[in-house]
Amino acid sequence: MVDLLEVSGLTKRFGGLVAVNNVSFSVREKEILSVIGPNGAGKSTLFKLISSFLRPTSGEVRLKGERISNLAPHIAARKGVVRTFQETTIFKNMSVRDNVIIAHHLRSRANLFGFFLGTVAAKADEAAFGQSADDILALLGLASLAGETARNLPHGHLRALGIAIGLATNPSILLLDEPFAGMNHDETMRMVSMVRRLRDLGLTILLVEHDMPAVMKISDRVVVLNFGQKIAEGTPPEIQANDKVIDAYLGSEDEAIGL
Amino acid sequence: MTQRAMTLSVKIASVAVFLAIVFIAVPVLIAASGRTDLYYTLTSVALLSIASAGVWLTFYIGRINIGQGAYALMGGYVSAILVVNHGWSFWPTLPVAGLFCAAASVLIGLPILRLRGVYFAMVTLTLTEVARLLALALPITNGAKGMVSIPLPGALSVFGLTIIPDFATLRNSRLAFYLLAVTLMVVCFAVMYRLVHSRIGKLCQSLQQNEELASSIGVNIAYLRVIAYAVSSFFGGVAGAIFAAISQSIYPSSFTVTDSVNFMLNCFLGGLGYVFGPMLGTLVLYFGWDLLFQTGQFQLLIYSGLMIVLMLVLPNGLLSLAAPTRKN
Amino acid sequence: MNQILKFVDVELYYDHVYALKGVSLEVNEGETVALIGANGAGKSSILRAITGLRKIRSGEIHYGGKRIDGAAPDEIVKMGIAMVPEGRRVFPYMTVRDNLLMGAFTRTGKSEIAASLEMVLGRFPRLKERYTQAAGTMSGGEQQMLVIGRALMAKPRLLLLDEPSLGVAPKLVQDIARSIVAINRDEKVSVLLVEQNSRMALRISQRAYALTTGSVALSGNSAELLTDDRVKRLYLGGEI
Amino acid sequence: MEQVIANGFYLGAQYALIALGLTLIFALMNVLNFAHGQMYVLGGFITYTVYGQLGLPFVVALLASGLTLAIIGALMEKFLFRTVIRRSLREESTMLLAAATAFFLDAIILLLFGEKQRGVPKIVKGVFNEGGIILPYDRLVVGALALIFIAAFVLYMQYSRVGRAMRALAQDRVAAQLMGVKVDRYSMIGFAMGAMLAGIVGGLLVTITGVNSGIGGPISIKAFLMVMIGGAGVVGGAIAGGFILGMMESVGLTVLREYGDVTYLVIFAALMVFLSIRPNGLMGKPWG
Amino acid sequence: QNKELKIGFVGVTSGPAAAWGTSNVRSMQTRAAWINETGGVKIGDATYNVNIVTFDDQKDPKRAIAGMEKMAQEGIHYVVGPNVDDGAAAVRPVAEANGIIYFPYAFPKALYQKPASNAVLGMIANYQSGPAIYKYLKENKGVKTIAFVAANESDPLSQRDGGVEAAKALGLEVVAQNDTYQNDTRDFTPVLTPIVALKPDLLVLSGVAPANAPLLIRAARELGFEGLISTETAQDAKVLEEGAGEYANGFISVGGASTPEIASDAMKEFVARYTKMFGEYNDESNTKVYALEYILETLKANPAAINDVAEFKKTMDTFSAPNPYLKGDAKLSYVGTTSFGQKRQLAVPMVVNEYKDGAFQTLFVGTVD
């Protein structure tokens, strides 16, 4: 397997706070890699650095050997690195379907002027995106909600829509920030198999999640952050047995409360 | 399919009716009633609605623009300076004024379009004032004394064929200005309509609703913002240039903060959700003031009172009456 | 046992779409009741209906024997119902202290409020450490503790919790779950808990309702539901 | 130079007080109150009438200004802004309402009080003149009063129950509602307080700068500037913005006079550059 | 039954400059009501009641054009206003195309010089009164140094430039000429601090709005300024009294008619009627009583002009009538030859006033040609 994404010595400071501290790891092609850690450990910040939403204080990110830190977010997206947001982030006043259609932007062959004039290419784009959007919505079980205004969705479906938007950009690596938050077990498991299917289709996936059963089930490897630093890296069983991780993050099992 | 064909034919019919009204019915009615003063009022409405359309476009990308007066002023000066100091014919100065404003707006927009909400609103408000102060201070604008006695637009001919006659020789230059203004208005709103109903419109909406997400799906938000702003300023510049030609003069105070605010209000009144909102808004606000002129000292009271009532009844703009939108 | 909360045939609409359709349920005094169900089933809508954030279209909501549907949110808070909303919603630019004091907004009596403050800080020592920090700068887990503490400051008889484990690290989820148990036990507060983490919810509650698309599909004793096949399949998952 | 600093400081105190009410209303309702200046003018005219015309004590006049405006503010919130906010799709729509209200107040003020500039007898006579600083006593008094009002307001917002509720309301309406805050009532109180501040500062300043029916609009715009410099919706920002603008004017007018009449051009341009660099003002929150 | 004679007004009666247009409108309305009450005005064979048609242009040149169009539509040929430079310039095409003579209260020479021909300056321009005032002060009060301050707007800045030129021509030393203020300024101390430090003999408030004048005076005096203060436009005594109190004593400005030394009985009655009608007199109207009087008197002199401004223009060159507002045998006539090369100005007496304890006193009366 090849390393698709390489994070080396990545550090981000906010004033006095070091949110991400000298973190290095790499992601292989067609891998599902989870990043876990306590609240405030720097996971989302790490994602923002990788997707160029933030500029690192030091260190860098490489995609297939090419440096992609310090770019504008839309350029990173163009290169195939796309993130979903931890906060439910959608285009509130558009329909669910329009949300997904617009997210096909990167795939369009016509340019702005072409859109304006309504050229053949633009019309073809239009038709293709509509089709693809319907497919994606069906895949994520949102098809019945296609016409609903996005702001009215309940929490769980918002998360799914966020993923649909990410998918529509046709990324080579998708960064999912807490995609299962607010989903019940059944839904989580459906999403898990969906994400796996995406991986099988050739997508590489980076995941931040607090839902441990899901993480352990889905991940090829896990990276653990604490106070901005990487404290462990390994396969799910290795992580589950790691004392440092249990201490900082997982906690020991407590039957009384079902955890 | 038949449904679609139906709405299409309805659309074509309403466009035809609209064109017939502005190009035929209005002049005929004015001639019949002898109300020639209405020409100027309607010309103003047309021009101000072009400038307001620009403001509307910036609303469409999620920016409250109270700086359109600056570009109208700039456009007016560019045209006036070219005509008076450089002997240009008026016609080429029209696009040049628009382009000049668009170019200027790119330079100004790059830094300030990063601002949002009220901050952007305030910076553009300041911009209007900066434009006025610059017009007072720069030598090329003739400062406080303004530029007066600007000649009327001359003839425009292409390949020896006179398309537009010399305005100075016309018996009714009001009609000529009216036709010029409404023609430009029609073009401007056609462009707007097309913009909004193409994918660009959706992209603009995506900016309005969530810039971060837009950039995460690969939209070059900075570029799109600047483009929209440039188009907006182009409209402002063109409107300003024609006003300079009509009044044959331009002063630093020809377009002020009040105008910028009015452009914005026109958009609100018509409805931010409708392409033709600014046109209707301008008509009502500008024409309304004129219509109330008989009420003398109570003019402002009645005018503002009506505005408040309109707002209470139709908070989403006049057009929400015809095309209601759902609010959850 | 005394019913503290009772829903009779409640219907709730957003525009023309129903979110709740003939929901009936009850919470007894001193009980912890869990509400589980898929996304969009209407769990949050139930809580919104109780607090008066959304008006119901038909049916009745009784609290302590009184009908409360139609009352304004502030009146309902005064009656002793406190809610921890979905997505935390701390007052981000206010200190931890001011956030907590806001929780006691409807109460009078300086010394009683001070006593509640002591109680909350005792229960969540982390909040004491962060006493003067702006709430918005705290970590997600800390914020979750803060909003629970804030709700307790109202000295409620009924506490509504909407997905308190959302986005919280496992270890903290445990802390929070233990706190809920302790609050229910020590402060004699009845709890209505909405949770996606059904296993946890069923463990710490006495009874539970499972919702599907706006109506109650299953209800009963939590311990029994934990072993119910349908529940296992839908909400707990067989293997991990 | 001492004189310049003293001028700037006095001006700043007065500006800060003007900006406070505006920022309060903005924070609570997300309404950019275009009518703020008109409220200020109305306050000025009430003090003019009560103190200047009827000859009642200045304090009474000031109270009357504050009270009347508080009532007007409350009514405006209840009957105008509340309805529009509730019914409109985009919250910016209130800008049109605010502007219409501004015109309406302008019209009423013009009809009631006429077109002339008005002034009242000085509240204190004499001029302080020492150490290179010249400051009329009435300015000292007004400046001090402004500082007192600012401090009182800040303390009230920070430590009182009502103040806390209003801050909560500004940060999260729904959460505030869940705390038992009557959002409608507190919005009304907040709006009334913002209007009252405008009325009080109008009454205060009429003793020094007089008042006329036309200055409402310009005052609003100036207040917007201060609020933006400091950061919208933040009390500290309004105060900082007021003092900064006051100082910039005072220093600029002295330092830049050699370069011709460019002071305000420079001030405005500097503002634009500043905001481009700090998109949320000095201490503002994103989005305002 | 009397016929109706409509006379127009297009100017500013709301907003920050409301006082300018309001003093115009009210003086016209007062006079019209007076005429109508006493049987109307006889022009040629017909007797007319005067009807004043007003349009508030909100100080916006674009609206001013609309106003002028309205006047044309109403068949009006004589319009008073606009009040500011840009508006006066903007309405010119409409006025000329529709045969309207208008009487701006704005000073740009281009409005009154050929080829322009339909504008008649309604008052004394600053470039006419300024030199006279400076000369008087130089000779009588020993003024040697002079400082200017103006609002950052077209009208005041133009007036300042004119003033500076005039002062230099008189050999005065101009010590400050670049100081400007935003028109929304409420506290002038910062503006005046550097100027007062220069200790000029005379401080000129160029084109100052009546609302700002007392504030400027007060700030200057409180900063310890001891020289003279003057302006070239009309002011209101009450406003000065309320805003600056005794600080305003000695302030020099330009009036037109009502100072006790020169006012005729007719002027006194005018003031009384104005006060009765509107509650309070505005001294700015002293310069503004004339426009309507001129229009009516000229029409009387040549009734053919009632619908034909060419006739009006012809009459202007030779027109002369008694000035009812001044004691003695002052005349109404058209002047402006020196300034504009044609008679496009009302011969309003140039009354230079000095404010003293709540009223104006005449310093000297000059004329313009």
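Labels A, B, C, D and E are assigned to the chains in the order they are written; within every chain, residues are numbered from 1.
We adopt the following convention: a contact is a pair of C-beta atoms (placed from the backbone, for glycine too) under 8 Å apart; a residue touches a chain by one contact, two chains touch by 3 or more.
Quick caveat, the model's predicted, so the values are computed rather than measured.
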item: Leftover contact groups, counting everything except chain D; value: one piece
item: Remotest chain, chain A as reference, centres from CA atoms; value: E
item: Chain located farthest away, centre of chain B as origin (C-alpha); value: C
item: Pair exhibiting more inter-chain C-beta contacts, A-B or B-D; value: B-D
item: Rounded Å distance, chain A centre to chain C centre (Cα mean); value: 30
item: CA centroid of chain B to CA centroid of chain E, Å; value: 36
item: Chain centre separation in whole Å, for chain D relative to chain C (CA means); value: 42
item: Chain centre separation (chain A, chain E; CA means) in Å; value: 72
item: Junction residues of chain E - those touching two or more other chains; value: 13-14, 152, 157
item: Multi-partner residues of chain A (each touching 2 or more other chains); value: 152
item: Residue list for chain B, restricted to those that touch at least two other chains; value: 133, 136, 258, 297, 300, 326, 328
item: Sites on chain E touched by chain D in the complex; value: 13-19, 22-23, 152, 157, 176, 178-184, 186-187, 189-191, 193-194, 210-212, 214-215, 222-224, 236, 238-239, 242-245, 279-280, 282
item: Chain A to chain C touching residues, read off their complex; value: 37-40, 86, 152-157, 160, 178, 181-187, 189, 210, 212-213, 216-217, 248-251, 254, 256-259
item: Parts of chain D lying in touch with chain B, wherever the complex brings them together; value: 26, 32, 34, 80, 83-84, 87-90, 92-93, 95-97, 99-104, 106-108, 110-111, 217, 221, 224-225, 227-228, 232, 260-262, 264-265, 268-269, 271-273, 275-276, 279-281, 284, 286-288
item: Chain D-facing residues of chain C, complex; value: 51, 53, 72-74, 77-78, 82-83, 85, 89-94, 98, 101-103, 105-106, 150, 154
item: Interface residues, chain B side, partner chain A - complex; value: 194-195, 198-200, 202-203, 205-206, 209-210, 212-213, 215-222, 224, 227, 326, 328
